[in-house]
Amino acid sequence: ADVEVLHWWTSGGEAAALNVLKDNLAGGGTGWVDMPVAGGGGEAAMTALRARVTAGDPPTAVQMLGFDIQDWAAEGALADLTATAQAEGWDKVVPAALQKFSTYDGKWVAAPVNVHSTNWVWINKAALDATGLAAPTTWDELVAVLDKMKANGITPLAHGGQPWQEATVFDGVVLSMGGDFYQKAFIDLDPAALGGEQMAEAFNRLIKLRSYVDDNFSGRDWNLASAMVINGEAGMQMMGDWAKGEFLKAGKKPGADFVCIRFPGTQGSVTFNSDQFAMFNQTDAAKQEAQVNMAKAIMDPAFQSAFNVVKGSVPARTDVPNDAFDDCGKKGMADLAEANTAGTLFGSMAHGHAAPAAVKNATYDVITAAFNGEYADGAAAAAALAEAVAAAQ
Amino acid sequence: MSAVTQDTAVSTGRAMRVLIYLLLVLFALFYLLPLYVMGINSVKPLSEITGGNMMALPQVWTLDPWRSAWSTAQIGVEPTGLKPYFLNSILMVVPAVAISTIVGALNGYVLTKWRFRGDSWVFGLMLFSCFIPFQIVLIPMAVVLGKLGLAGSVPGLVLVHVVYGIGFTTLYFRNYYAAFPTELVRAAQIDGAGFFQIFWRILLPVSGPIAVVSVIWQFTNIWNDFLFGASFGGTSQPMTVALNNLVQSSTGVKEYNVHFAGAILAALPTLFVYIVAGRYFVRGLMAGSVKG
Amino acid sequence: MGFLDIRNVTKSYGQVEVLHRVDIAVEEGEFLVLVGPSGCGKSTLLNMIAGLEGITGGEIAIKGRVVNGVHPSKRNIAMVFQSYALYPNMTVGQNMTFGLEMHGVPKPARDRALADVAKLLQIDHLLDRKPGQLSGGQRQRVAMGRALVRNPDVFLFDEPLSNLDAKLRVDMRTEIKKLHQKLKTTIVYVTHDQIEAMTLSTRIAVMNRGHVQQLGTPKEIYDTPANLFVATFMGSPAMNIIPARVVMQDGVPHASVTDAEGTPRMLRFSQAAMAAWEGKDILLGIRPEAITDPEGADRKSGNIQSLPNRVTVTEPAGADTFVTMTLGGRDAIARMRADAPVAAGERYEFAVNMEKAVAFDPATELRIGG
Amino acid sequence: MSASTAPDFRTRLQDWLPKLVLAPSFAVTILFVYGFIGFTVVLSFTGSKMLPSFKWVGWENYAKLWALPAWNTAIVNIAIFASLYIVICTLVGLMLAIFLDQKIRGEGVLRPIYLYPMALSFIVTGTAWKWFLDPGIGLERVMHLWGWESFSFTWIKDGDMAIYTIVIAAVWQTSGFVMAMFLAGLRGIDNEILKAAQIDGASNWQLYRRIVIPLLRPAFLSAFVILSHLAIKSYDLVVALTGGGPGRATEMPATFMYSYTFTRNQMGIGASSAVIMLMTIAAIMVPYLYAELKEKK
Amino acid sequence: MGFLDIRNVTKSYGQVEVLHRVDIAVEEGEFLVLVGPSGCGKSTLLNMIAGLEGITGGEIAIKGRVVNGVHPSKRNIAMVFQSYALYPNMTVGQNMTFGLEMHGVPKPARDRALADVAKLLQIDHLLDRKPGQLSGGQRQRVAMGRALVRNPDVFLFDEPLSNLDAKLRVDMRTEIKKLHQKLKTTIVYVTHDQIEAMTLSTRIAVMNRGHVQQLGTPKEIYDTPANLFVATFMGSPAMNIIPARVVMQDGVPHASVTDAEGTPRMLRFSQAAMAAWEGKDILLGIRPEAITDPEGADRKSGNIQSLPNRVTVTEPAGADTFVTMTLGGRDAIARMRADAPVAAGERYEFAVNMEKAVAFDPATELRIGG
């Protein structure tokens, strides 16, 4: 039987990476029916999914992020993979923070493919060297480097003005205020933390970062921002690990041409988002079998390695050998393992792994507004954030 | 209709005419500019785009982006280019346009030549369908398509496009047939022709101009539709969805030249239709179809 | 019982009754013309005979068969429309045989019928043209041919000549007349041109506001109009309607009419019965051709009266000269010979043919004096 | 009356056929348009989140909707956008139509150029204009490269001005169509009236202002109706051009409705915004339809 | 030099010359009617006088000033159009004063002019209505009012009555005639209705295919048409054109015409000059009203000839009866008294007024015999 897969990895490297999975399945006699819908980080795909499910014709497997999985599971639309998971021992190799999304009510409903961590900073090596400073590890060092870069006549921070990009930056900022605070504010949605002084400070930092961004940032695609770093127009970019692909594609070498660091002050902690394949209920036995085959194939360590090497992310299993990965990839895997054991692996707010969609979007609204200077200061923004989150819940 | 197509009797001075031509040409440039930008950048290598002048002619001319967009670009897991989706679009557009045009023609025929009590109401109700935002019908439409077993199939898409197209086609044909002498229908009745015979033998043969308008309108709308295609296309997605997949991927590398080539490729059929049959479009508008 | 019977037929659109109890029996071979002002219901009545409009009340029978509710194609009628209603996408030949085709007549028979009719109407050389390539007169002929080819019981014509220019109209009129004399088919013909009505018909029904005002031969309608409406509707220029008083002189009734100066002038009636109206006001109806110059007056008439009066306007129209004068306080028109020696502002001695004069009761507007 | 007056079968069938032919379209319209509108109205009173549910919440969604700053932004934006878009499209369309009507050589070439943007999908339009308006790579950059260093055109990046870039692109896309409507209207004006006005001594300017433009009233009305409904429905262009940004500065009711229904899993609020949009469209359309249909009777 | 001079004017559209060297001098106060079949160039000539069409060759002068190239508004002309061309968005009053407003006449003066003209045309009660609320006749009056109010040098009318029904047309015709008699403005009037041309004009220009065929008074045109085209175009029913041969009898020229049976009948010419055509074939032109019943014949005529012949069709038309017969192998029409005792198929003794007969050379189609 075939699996029908709804996803939004439609072009270039992503699609090539997915092809690895497709070929794997084909080897096992399971066909692949492709249903790609790109746009808006999966928004269009989710709309299509809703139409498919409402029509009573759900795809076999759907690429999905964070809370969407939980929401669909709550609707009772997802298939139970627990038997397979137990047989394969998934719960031992998948970080608990990921399991929170892959399971619902104690049952496995999705198979995680990768972990993207979002608190990365990509720095042009030459630009950094020109400042004479080391790669920053704290907020103050970061500000120093940025100031120096500004003085050197380049745009210190390359940024694309789309809400999710701003939120990605803000993830790092909040995480740099401490893992507990991140947990309280974005995952527990504690009103005190959301509207409090620390959040005000976080917003002030965000507003500060805005001052290092050129005027043309709004609406810019993230990869154009990457290109600015690559060709030295800008000093650094705060972006998830998918940005690495742009650097590699441009023929740049990690360590030699560019540097990858965790957002200053967040080394040891990781905010992540994880692409998973949620399995939708199927009535046909053959399809159910294909579905199980697909889940197994996804969790196959060889696949996880092969896929993530191409995609730039790190495997969702912690037991995958890192031989195939480059420096940044190795660092990412190590950080993930470390955070997992230390309990500092957090779902990314910006990528819908901290709170449900309504809250996420309400947060976007405030972050974007703050970044665009609509609030007088961080305190005002923090107050607005607390209010918006409360309204969205 | 010959009286309608004559030029105005207004005479203009020489200076004024120069000014008019100037403005007309300026506006033509304004309208052509985006097409120029897309065209010129679709024949440049990517490096010239990210670093260079958008308006400049390419230093290196290349047709690779076109080849790539058509047949090798990655759309989903398959590096197929837009080619296979083109066929999907055709399979969807042709029946949808044909059915909606014929149904519209029949409706227009009934609404003008077989009037009955309340026919204006029926028409008014149908016309309103032209004006609803399609996002709102997505969920209930999915339910209905699911119940009909048409979800995720070309026939399902055809149905959707026909349903939301007949408002327009009916409007066009109604306004056109309203000007068609009712006496002809009466003559045919006396000659013994029935309802459908009158339609096929008398009205349809003279419906050429308005049929062209209806076809252009429906063709462009359906060809360009994304929302329904993405939601109900299932595995037979139309061209727009593929194009969107090509240009919108969120975390992949963006090959702008390929995107532009793809965009033009996807627009070619509609551009072709407009340029070839465009004169009838204006003529159709003159036949009164703009009203409503 | 006639060949085509219209019995007490009424027609309403919603609340509005547009035809009131119309009752006409048409004999076989008759040429009935329906005439009347625009909107009086002529086309509606014709469409009801054709079956294109429903019948609200009463019944219509063709050859004794009641046809209310029978489909138009089953009535064995043919119709010629004002706009000709030729099918623009078909050739002349196809236009003419479409009805036969619809009635399942096989091709050879159709072609035979077509050839006959085309020859009769002299349009054999046009059969392969489209209507758009024909002149107005040719189109009119094709429309007639389309009707003829069916060999129907009744022909219906709805203002078939009104789209032609004046000259062609006269020619086609004669042609229709000849055709009728040759074929002797029953015809119902609608027009609002009263010359057409007069020349073509065997009988005329003058209609107004959904009522038949008078039904009779052209001569009856023209010479003895039933009422003021018929009198003024038929004839061009219209009959002069002159306020007058009936006065007895030498024991015979005269009409006393004031001339342009207000002087009463006596015109002897030919109808002795007018004596009954002595001393009363009436409306005197005299047709323009009955007021003329003495040289142009009808020598056969037994009652030519002289009427001196001042001329207001002269309009030489080639064949005749129309002269306007004031009579009984109103404008009256006289039709005179082309070179009658009249000039505006001068006095002239007109000759009035009182044999042709009629009188109306001003109150009821009905004709009086028998 | 005799029995033979009953209509024969064929006549009766012919009486019914027109209605039978119209019936499917009518049924489909009732279900797919009015049924769905009804469904949306019902949804707007429920607590639907990700999928439709029928938990009745009364007017709560409407209350929430009007409390949302984004909705207010959307309302303000649509007001700005719709008024500018309608006015500019009408003016440009009218101007082009009047000019094209002056026995212009090459009308056959110019007309399709003005019309073709209608043929393009929003993905194409959005991509092209986004590029063109982007200061970093588009017009501004080109001007800088050509030596006009002080040239600045950053509207698309400016929260206060971005809405106007949508106006530009939207005008670009539909003004040709409006031109065609006016052209059709102009060609329908009796030439003798134009001659009469010239003999009366009207200059060209007076001729158009006093005679022609007042005569184009029906075309203005049609243009207004079509443009206003396009404005209210405008979704594609916003998404493709600015994605609602910078920030949420170019949020419109249609994008708002879509995002609440499909990406924010707040279908109830989305439905209530849809109902408001529908009511606005109806407020414009119904009187127009009424007048139009009555006049044609 | 006239008041309005059209000198050698030609007009071409691209390669096609639609007017060929037209040469007309119109005197002040004249009423010139341009008449001719559709497409002969009447409107084109009128538009050239108005300045709405360019002049390809020749020149047009008004009051001695050459106006080639002068803008319409500067020519001091006014024009009434076939469709009336009223501005639908303005009231009647605004319509009528628009021209004055455009010429910068101050409001009080405009209002005075409006009041005068509205009174003259009896449309004072309509001034606040829109054209859409007027009947056809009222619209026509407003269109005339709009022209009158300007007090122009020349009035141009382009078929102003052709959109009216027959009755109204006759009334408005008389009214225009009266108006011209009162105001004495110079008028150029286009029509293809020859009755209008005859009754209204002081002079007529008959046009065909861009040529002026004849320019003369109505009587000249009607009685002595320059050629066959003018003869058959003017008059309704058209002049009968009968193939004949000139024969000398008793030293005077006669036309020998074959009757329905083929028997030659002699009709004596009034024109002695026809003797020059002895033995030759000619075309004899006799108007229908010149062939009549003896009782209806013109008593003043000095040359009534008797012509026995068989009747083909009779068309009683109320005022007259039209009788068709065969003469010289062709149909000929006679206009007789309404109750002339004729019937189809029977023989009758017609009276022909040969004083009114004309003759044409079959080769050149020009009139002969002086």
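Order as written gives the chain letters A, B, C, D and E; numbering starts at 1 within each chain.
Criterion: a contact is a pair of C-beta atoms (placed from the backbone, for glycine too) under 8 Å apart; a residue touches a chain by one contact, two chains touch by 3 or more.
None of these values were measured; they are calculated from a predicted model.
Participant: Counting C-beta pairs in contact, does A-D beat B-C or the other way around?
Facilitator: By number of C-beta pairs in contact, A-D is the larger.
Participant: Please name the chain that ends up farthest from chain E once chain centres are defined by their CA atoms averaged.
Facilitator: A
Participant: Report the inter-centroid distance (CA atoms only) between chain C and chain D in whole Å.
Facilitator: Inter-chain centre distance comes to 56 Å.
Participant: Between chain C and chain E, tell me the centre distance in angstrom, where each centre is the average of that chain's C-alpha atoms.
Facilitator: Chain centres of chain C and chain E, defined by C-alpha means, are spaced 26 Å apart.
Participant: Hey, how far is the Cα centre of chain A from the one of chain E, in Å?
Facilitator: Those two chain centres are 92 Å apart.
Participant: Any chance you could list the residues of chain D touching two or more other chains?
Facilitator: Answer for chain D, listing residues that touch two or more other chains: 10, 14, 52, 195, 198, 262.
Participant: At least two other chains touched by the same residue of chain A: list those residues.
Facilitator: Residues 40, 47, 50, 53-54, 224.
Participant: Mind pulling the residue numbers of chain E that touch at least two other chains?
Facilitator: Those would be 52.
Participant: Under the touch definition given earlier, write down the residues of chain B that touch chain C in their complex.
Facilitator: On the chain B side, the touching residues are 181, 183-184, 186-193, 197, 201-202, 205-206.
Participant: Under the stated contact criterion, what part of chain B meets chain D in this complex?
Facilitator: 4-12, 16-17, 20-21, 23-24, 27-28, 30-35, 37-38, 41, 53-56, 103, 106-107, 110-111, 114, 116, 120, 122-141, 144, 163-164, 166-167, 170, 178, 194-196, 220, 223-224, 226, 240, 243-244, 247, 259-260, 263-264, 266-267, 270-271, 273-275, 278-279, 281-282, 285-286, 290-292
Participant: For the complex, give me every residue of chain C touching chain E.
Facilitator: That would be residues 38, 165-167, 170, 173-174, 177-178, 181, 192-195, 198-200, 218-219, 222-223, 234-238, 287-289, 294-296, 298-300, 313, 315-320, 322, 324, 335, 337-339, 344 of chain C.
Participant: Under the stated contact criterion, what part of chain A meets chain B in this complex?
Facilitator: It comes out as residues 4, 7-16, 18-19, 22, 32-42, 44, 47-48, 50-57, 221-224, 227, 231, 240, 242, 245-246, 249.
Participant: Quick one: in the complex, what on chain B touches chain A?
Facilitator: 50-51, 73-79, 138-139, 141-143, 145-147, 151-152, 230-235, 237, 241, 244-255
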